[in-house]
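Which chain is which? They are A, B, C and D, in the order written, and residues in each are numbered from 1.
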Amino acid sequence: MSIVLGSNQYGKSENRVFRVYRDTARHEIRDLNVSSALRGRFDDAHVTGDQSAVLPTDTQKNTIFAFAKQHGVGAIEDFALALADHFINQTPAAEGARVEVEEYHWDRIQVDGTGHDHSFVRGGSGTRNTVVNVDGSGSDRRAHVVSGISDLTIAKTTGSEFQGFLTDEYTTLPETDDRILATALVARWRYDGTDIAWDKSFDDIKATLLQRFAEIHSHALQESLYGMGATVLEQHPEVAEIRFSAPNKHHFLVDLSPFGTENPGEVFIAADRPYGLIETTVTRDDATDPGSAWHAVPGFC
Amino acid sequence: MSIVLGSNQYGKSENRVFRVYRDTARHEIRDLNVSSALRGRFDDAHVTGDQSAVLPTDTQKNTIFAFAKQHGVGAIEDFALALADHFINQTPAAEGARVEVEEYHWDRIQVDGTGHDHSFVRGGSGTRNTVVNVDGSGSDRRAHVVSGISDLTIAKTTGSEFQGFLTDEYTTLPETDDRILATALVARWRYDGTDIAWDKSFDDIKATLLQRFAEIHSHALQESLYGMGATVLEQHPEVAEIRFSAPNKHHFLVDLSPFGTENPGEVFIAADRPYGLIETTVTRDDATDPGSAWHAVPGFC
Amino acid sequence: MSIVLGSNQYGKSENRVFRVYRDTARHEIRDLNVSSALRGRFDDAHVTGDQSAVLPTDTQKNTIFAFAKQHGVGAIEDFALALADHFINQTPAAEGARVEVEEYHWDRIQVDGTGHDHSFVRGGSGTRNTVVNVDGSGSDRRAHVVSGISDLTIAKTTGSEFQGFLTDEYTTLPETDDRILATALVARWRYDGTDIAWDKSFDDIKATLLQRFAEIHSHALQESLYGMGATVLEQHPEVAEIRFSAPNKHHFLVDLSPFGTENPGEVFIAADRPYGLIETTVTRDDATDPGSAWHAVPGFC
Amino acid sequence: MSIVLGSNQYGKSENRVFRVYRDTARHEIRDLNVSSALRGRFDDAHVTGDQSAVLPTDTQKNTIFAFAKQHGVGAIEDFALALADHFINQTPAAEGARVEVEEYHWDRIQVDGTGHDHSFVRGGSGTRNTVVNVDGSGSDRRAHVVSGISDLTIAKTTGSEFQGFLTDEYTTLPETDDRILATALVARWRYDGTDIAWDKSFDDIKATLLQRFAEIHSHALQESLYGMGATVLEQHPEVAEIRFSAPNKHHFLVDLSPFGTENPGEVFIAADRPYGLIETTVTRDDATDPGSAWHAVPGFC
């Protein structure tokens, strides 16, 4: 028996890149949080302390900011792919690279009904993100893109039941045919290939998730998620699978009867903890092999 | 010399009230975080342990949820005023009451271009809030309303300078005639009186703050804030004064020259700490006496 | 009527100073979070944009780090006083300065039973802090020190009642003669003068607060706080008053009777929101005038 | 091609169990955060909305609190295993169960030098946790235990180098033979089997991690982590592998030369973002098959 190094990766996390395009008086901005990581044959760095194979995380940081100018920031998926390929090519010991990007949404400030040229307000619902994993380079290169949205907080105030469930001696929950269903949705979907209209695909999938959540009469959060995912797969052949992590944010009906007041589904307390947590994958029976696509994807691996 | 009780208050904080109006198939929702506090002659509760003058915080909680049905939730200022008056009337030892409300913004989910009847997505920019302080009751009653917005994250990518400042032996900052100006604005304004169209006043003030931030050519965050506040006072006679707490969220230009790349105001790193913090009041030279209006207003007292 | 500038201050917040003393092989460390702010005659900076009276927050930052070497970091109160005086002296328009310091606690790592020379682990209970306000300089100088501790999470599992309280039509809470009492205590006390053995005073007050919380049979959190504060004042003539902000962190007894199980005070659920919040001052009937001592003290003004 | 359900699990997260043992006047407490999840054949719940195979998350919550009394809370690993086995046995469709437990540390409050019977203060360094995954039941049962510690914030002020690294055109970092090394360590280790003295094993491993961090002269955080893990494996045959996630919390030396002041390793700024992130596994070349041991282990899957 001997002790050995197992799987490992290292990189620079949470580089807050703010990119301004100011070629005309009407500025454009991209506001990103970028994290990089390399994996591969870094045994010496760990075992003997020899760092000669290690591209420092400080260099990774420099590269991320330099690329924001040299390569430019278009769709976050393209930016992440360019960085991942670059890092593998710069680092002989690297067998794979992972680049994660979050993008924060800004709107133009309205001035007398018109969006201002260079003033912005942050907002919107949900945060767009991507995790790119690239293995190898040249003819062996395989690139994986998992994109998604986090913190998409949604609720429906009727059209949600929960009944007919399994019971045991610890069950006290009454059945209900009308409850509030609310979650702070995290959804991540794996793309087949990288020749994708990233921005349009994201916008369409987000709109579909919202619309289907609204439309589906829900017997459980599981059914809502499955239906939302199935529609995404039906409409998006470029998506191989979609995964959800959805806290069931409980809204409990408050008992107002001690005060002589009825409460027919009108006053709720929004609870913090504990919360249900539903994690679900919707996929295709002939889905492509994910390879390392889900490597180090927060909450989904 | 003897030891005595000084100022004190007690209450129930962060009651998460979710109110659904379902009189028709087109539901309306109000999503609130409500905190109450009473102050007054509660010496016995502290000194001897006698709680006979104390309306329990649990009762305050019950009342908040019951009022969401019995009184209803319109503008948060009205809801807070009703609660504050009620608590003073219920509690003989109470000389004053403070009720704080935050309201979370939800939009209808779009389904084929139309807002859905009972499905919602949380979002928007900034969080509306109010702090109401009421002293006394009956003919001695005096009510104070301080409303505001928090976490209104805004940025302008030009039209901002910082130069001509005082220097000393610890100064290294170069002057600049073009920098990014960004903040996560907290603004709170004190109303004169309570006969106000609360929702319209809030919407107008928020729009004015955004528009003026965009329009003002800034020599410092202080100048932007003053100008924003002055316009609010000019346009809103119902506002006695407005206060700002504004972190100067630094965006530092990244030096790309080591990589042979120019960076003419295009790539920035968004920094976390330290940050500048600018706190400013814009008022009227004949402003009414604030009384207890700013009592226990977070960040502004 | 005209619009004018009201109260204002500006500075650099959350400078994370890590100071190593390495004069011998046995290093000492101080780990601080320092925030500065100046107030005074800064009208031009706001109204006309003229910054000539403004010592930049960047200079304040430089000074804080330079002072960590030039002045050294002993007790946080002395460090804050030195900075406040310096800032007032450097800035003719400044009428007052505020310096807040938090200090994070580190212990030496134990190696074979001995504290290591240069390796440390962060921990402990509660975070020590101070807020210093200085008005003026020279013969007009007045210095105020409010020190304290935050996040001191404490609980007692018996010796706590809550009964005999005021009731109304919204009261449902049963009386109890045995409950869990728990809080995440924030305590801040105002010193008379500045010729104080700061470190010893802090250590003694913290120990007293803990001991009295344990000893006092509590009829309400208010009574515990009052008793804790009174003992601090009795034992510490250098303390003029002490203030508490104490969330009543509810631990609700879980009803296990549906499962045929008794629960005589053994299984509780620790709740998040809502929570009671008790804010109390214990003072002396001949306490000195606080002046600006509580200016901008978070949670206590 | 057809759309199908993929991997899934559901449960109740963050049940805050506070357990008091009060058999004698000297109380004992255990303060836990417990999350459960079931995985298996739950297709109907997703696809048709039929919940008849689903043990509700509310029932899981009830069970967790009931078990705190019926089973009792000893080592968190035993508590988690009992719950996981129970949930699989109660739920025919469940093929596996996952139970995660965090435990918060409390010390007795000192009263005149003696630990008090029923009063406690929360503190310590790092948070103990475990993730238990059980597959199947009866003769097919396989149980996995991954225990660990999070938020163990450690620093050494010398004995740390970083030089001899790979460079490219984006490298600007100077080499150093003396820097601060600091991290907020997360370590998780996989046990072989479940017949373990859990509390003693945890205490010993924590002490070893701290001691080795102190002792190892570090050429990079990777080398420190590898050395720490190797010693754990050498001393603990019950541990199959250990994994680390360690942010490199940068402490940058502040340039005081503009102020005529030298800074020989004495004044640092503790930075927030970006940070290096080092993730490493130390294992045995004959380690047992992990099976589902790392299933849904936060940050390590």
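Brief remarks on what is shown
FYI, a contact is a pair of C-beta atoms (placed from the backbone, for glycine too) under 8 Å apart; a residue touches a chain by one contact, two chains touch by 3 or more.
Fair warning: this is a prediction, and the values are worked out from it, not measured in the lab.
Ranking B-D and B-C by contacting C-beta pairs places B-C first.
Listed candidates were B-D, A-C or C-D; the one reproducing the A-B interface, defined as more than half of contact pairs identical by residue number, is C-D. Here the spacing of chain C and chain D, counted between their Cα centres, is 31 Å. Centroids of chain B and chain D (each the mean of its C-alpha atoms) stand 38 Å apart. Centroid to centroid, with C-alpha atoms defining each point, chain B and chain C lie 23 Å apart. Looking at chain D, one finds that residues 15-16, 62, 66, 170, 172, 258-259, 272-273 touch two or more other chains.
The residues of chain A lying in touch with chain B in their complex are 15-22, 27, 29, 31, 62, 65-66, 68-70, 106-107, 109-112, 116, 118-126, 152-159, 180, 207, 210-211, 213-215, 251, 254, 256, 258-259, 261, 263-272.
Those residues of chain B lying in contact with chain C across their complex are 1-16, 35, 37, 42, 45-59, 61-63, 66, 90-91, 162-168, 170-173, 218-220, 222-223, 225-226, 229-230, 233-234, 241, 243, 247-248, 273-286, 296, 298-299, 301.
Residues 169-170, 172, 258-259, 272-273 of chain B are the ones touching chain D in the complex.
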